[in-house]
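Next up: some structures, all given as structure tokens.
What follows is chain A paired twice: with chain B in the first complex and chain C in the second.
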Partner chain A sequence: MRTNDVILKTVTQLVTFIIIIFSIYVFLSGHHHPGGGFIGGLMTAAAFVLIGLAFDIETVKKIIPIDFKLISATGMLIAVLTGIGSFVFDANFLSHTFDYFHLPLLGETELATAVLFDIGVYLVVIGITLTIIFTIGEDQ
Partner chain B sequence: MTLLHWATISPFLLAILIPFFYKYFRQVHTGWFVLILPLILFIYFLRFLPTTSNGGVVTYEVPWVPSLGINFTVYLDGLSLLFVLLITGIGTLVVLYSIYYLSKVKEKLNNFYVYLLMFMGAMLGVVLSDNLIVLYAFWEMTSLASSLLISYWYHRKKSTYGAQKSMLITVTGGFAMLGGFALLYLMTGTFSIRGIIDQVALISTDALFIPAMLLVLLGAFTKSAQFPFHIWLPDAMEAPTPVSAYLHSATMVKAGIYLVARLTPVFGGVPEWFWLLSGFGIITLCWGSISAVRQKDLKAILAFSTISQLGLIMCLLGLGSASLYFGYGEEPEKYTTAATLAAIFHLINHATFKGSLFMTAGIIDHETGTRDIRKLGGLMTIMPVTFTISLIGLASMAGLPPFNGFLSKEMFFTGVLKATELSIFNMQTWGFIFPILAWVASVFTFAYCLIMFFKTFTGKFRPENYQVKVHEAPIGMLISPIILGSLVVIFGFFPNILAYTLIEPSVAAILPNLLGEGEKFDIHIYHWHGFNTELFMTLGVIIFGTLIYLTMKSWAKSHFYLQERDPINYLYDGSLEGLARGGQSFTSFYMTGSMRHYLLYIFSFLVLFLGFMFFRLDAVSFSGTESAPISAFEAIVALVMVTAAIVVAVARTRLTAIIGLGAVGYSLATFFVLFRAPDLALTQMVIETISTVLFLLCFYHLPLFKKKFESVPFKLGNLIVSLGVGILVTLLAISSHHSKFFDSLKDFFIGASYDEAGGKNMVNVILVDFRGFDTLFEILVLTIAAIGIYLMIKLRVAKEEQ
Partner chain C sequence: MTGNEIINLLVIVCVLLGTFLSLVTMVGLLRLPDVYSRSHAASKSATLGVMFILIGALLYFYQDYGLDARLILGILFVLITSPVAGHLISRAAYYSGVPLWDKSIRDDLKKVAKKRSSASE
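Take a look at the complex of A and B:
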């Protein structure tokens, strides 16, 4: 139906990257600034939804050649494993810890296990949003 | 577990084996395997006779639920032994009879004997238990087994009707009885009957005494078919005749009698017990005998006769309980003990003659194919043995000498006559009713015995009335009634063989503590008392009873005679149907199937309950002191939000409502910004966008045919309820804000989120670190929602393709 939406498609190509980068920024800065896995995941998903709108679902599936449900399953698995991982260190379920490391390029950096859990949240949110929207979308 | 315990439960153990016998020994009638057990038990229990006749008791205890005071205690005294011998003795005869009565080929014998053994075991348990809860358990099992036996021919509608009726009535009573037992436990702290009897002096002044008595009596009356609960017994006649003979004449209907006799030491001696027992007993006696006259079915006559005889026994037990009030002394008080004695004696007599009568009725049914007295007649020469046994049984039931029924009837008359002389419980005012009613009932008893006898055996034999060729029953079927009939004669001629073996120990068990050490109740049963009132009463009974029979032609056309069913049945049927219909209409009244109504109930309850509690606890509180100042931004956003909300409520189209809802959501996000919650604001913004898009999607797919763009219809009820909820929740929020009892935990999180979790974003640290567990399951919820949506859509598509 869409005959000529070259402007939309071009703008999308540009904007998508900005959104994704912003969403990753929001996700990573969640520990110290507003943001985190949930909002980051939603924004990343929004970027893909935009692609889906401007192009079609097939394009999104080409970019992410994985079943969306699998993404949320992976996220759940990471989140649970983060919790179970604390058993290895003889700590209670979902005990987190953090420390400061000197990393190349980044310098003095704080690494927290809570971020691992947040990755789980992030993936789950992306997975479920895309599943819901594209399942309903395909149904039309 | 002692031998006595094993003996009590042995019928249950045999019942387990019956299906195997039935399956693997098809050549042999299953009844033969069953027959051995009651016989062995009968002989085994006879061995206790010397012990109990000397006043001894046998008791063993096996803990069952010791922490609740529930123990399987067997307690064998004179009363228990009497019942045990009845149960096992008549049980043996009934099993023998049933072997010839029930066909090996046509009937499901395994069911029959399993139920019968279940019943026998339950009955043994009832009479041998000392613990009230164990007694109750066995008691209910008799109800269950009885219902199963009544509905033995379950393809007949009347059988299942009778079974359901007996179940409902006896279980109602049984449940009430359980309540009574619980009250007894509350008063005494023990379930043991002996333990309760020891504390009689303590409980008879308790406020719970009368309720407990009423509840227990309800159980006893329903089980023993006392007026007005007797209606189940005539309908229970749909059972096979061995069952009627066993359950509905000799054993189960006497469970109530047993209970009353057993608990007489607990409740006896107070006017309520005396009047309830003797009053209901005498009414049942009259009602049963008068109703029996108009029956046309042999077993129905016997059923009403059983009801009336049970009333007699109950009445005598009531009169006898008076002796607990003033002890075993001089006349006329001494005769109240004689009433108890008469009750026990008649109980034995009734078991013998009624058992044999049921069996002969069964024989007549079996050999002629009918039990209708209008069709029967002239069987005297064709069935001479059955005729003889019936004659003995009926003469005994009518109270003719020299049979045992005469003796107990004379003793009954003595009991009621002497009761009028009692100086207690208003007996001088009202006592005259007893002899009159007793006499009237005896006249009718005599009349129905005559009807039953002459209509069956005399007259002209009309072969065209019968489907089969009528002949005498096989000898095997006749053995049991012959034995019972002989007992009727033996007990009639030599009543004193029972006196100190069975009757005296039973009376001693019913009326304990009346005698000193080594004393015994004075029991002499004579045929001849001299020319006294009782004799003239008996003569009157014979004369008037004969008159009633002779004038039968003149009243046989009357409404009274033609109406066979007990009028109380209409009450029962009506109330049962009313209950069902009432329940149905009540359910369909409020279970409308409309979600709107259910929501209305839920919200109304919320408003009423919370509102009531607010009012009750005076919980509304508001003080302006802790409130923060309201800025202009907040006021403006609130105004926007309220406007949007009103737009949603009154919108004429759905699209407006969706947009309004979005506006509410964005205002909320703005509030989050204003109240410095950036994470919430971000999330709210995105989520609101997505949900609005989803709403639009739903709107776009609304079906066309019913899609009318009209505003929400106004309903006053909805407005009131929604206003109520709104006001209440607002009140709740304000009041709870102003009644904080503890400081919030925020100070901990402010300090700890950086020091302990290494994060500056407190919200996120709480979400993933301090309370990560919640988050874990929230993402699980999201995953489930996504999978749910996916499945709903995909499965629907798959179904459409099929």
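Take a look at the complex of A and C:
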């Protein structure tokens, strides 16, 4: 019997936004402050696990229509490609660089290629966590 | 008094109130008789206690670094989630048959719960 949990569902709809926004903040601030791809990915995965707890796994699969294993594979590919990308500029494997750019709205911004690697880590962590939790969660 | 001193005084008041409310929570957890009144103590006063301490931290760091978005988000998050956690814990306790305190006289949920359990059978 599925119990009637309106309160949990409503709060989940509210809180998920806070968690995901905070995880993106933590992800982007990882270069100069505590944070980074790993913790950001874990928090995003936690938001999806919360949706899975309040609703069910089908809802999460509707939100992310891709196989979770594919997400981690894409992340791994991105991470390796950023490493290989440094060969194009005649540098060692996984060399990173940064520069300051003038962006509209944001002004003087420091853009580092390490962020691209971090995006890979972010996707791997999301994919792996969701795969583990929802494979255990499915009762078949 | 300068503005700095007023902010410091507010920080002291907030943090002390917060720790006092956390202490009240602890006493409530130890002394109250059943799960429901304990979760009442835990979810209410602990929420306010943590929020007071966070507000104190917000004011303290406001002097040097300006408003910290993480602390504001934290205050909002605790305000939203902690009562819901209390609600879910006591509801889970009720439906798994934890008895009420023997001196409690009113149980409005009993009728609804009985009707629902007979409907599901």
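The rule we apply is simple: the second predicted complex is superposed on the first by the 138 of 140 C-alpha atoms of A that agree within 3 Å, B and C clash if a C-alpha of one lies under 4 Å from a C-alpha of the other, contacts with A are read in each partner's own complex, and residues count from 1 in each chain.
Note that in this section contacts are C-beta pairs under 8 Å (C-beta built on N, C-alpha and C of every residue); 3 or more make two chains touch, one makes a residue touch a chain.
Everything quoted here is computed from the prediction, not taken from an experiment.
With the C-alpha superposition on chain A as described, chain C and chain B fit side by side in the combined arrangement. When both complexes are overlaid on chain A, the residue A:Phe22 reaches chain C alone and has no touch with chain B.
When the two structures are aligned on the shared chain, A:Val11 is found in touch with chain C, with no touch to chain B.
Once chain A of one complex is fitted onto chain A of the other, the partner contacts of A:Gly37 are limited to chain B, with no touch recorded for chain C.
In the superposition on chain A, A:Ile57 makes contact with neither chain B nor chain C.
In the superposition on chain A, contact of A:Ala112 is made with chain B only, not with chain C. Figure legend note: chain B and chain C, brought together by superposition on chain A, show a least Cα distance of 14 Å.
Listing the residues of chain A that touch chain C in their complex gives 1, 3, 5, 7-8, 11, 14-15, 18, 22, 25.
Of all residues in chain C, those touching chain A in their complex are 69-70, 73, 76-77, 80-81, 84, 87-88, 95, 120. Note for the complex: chain A touches chain B at residues 26, 30-39, 42-43, 46, 69, 72-73, 75-76, 79-80, 83, 93-94, 96, 98-99, 110, 112, 114, 117-118, 120-121, 124-125, 127-129, 131-133, 135-136, 139. Within the complex, the chain B residues that touch chain A are 678-679, 682-683, 686-687, 690, 694, 697, 757-761, 763-765, 767-769, 772-773, 775-776, 779-780, 782-783, 785-787, 789-790, 793-794, 797.
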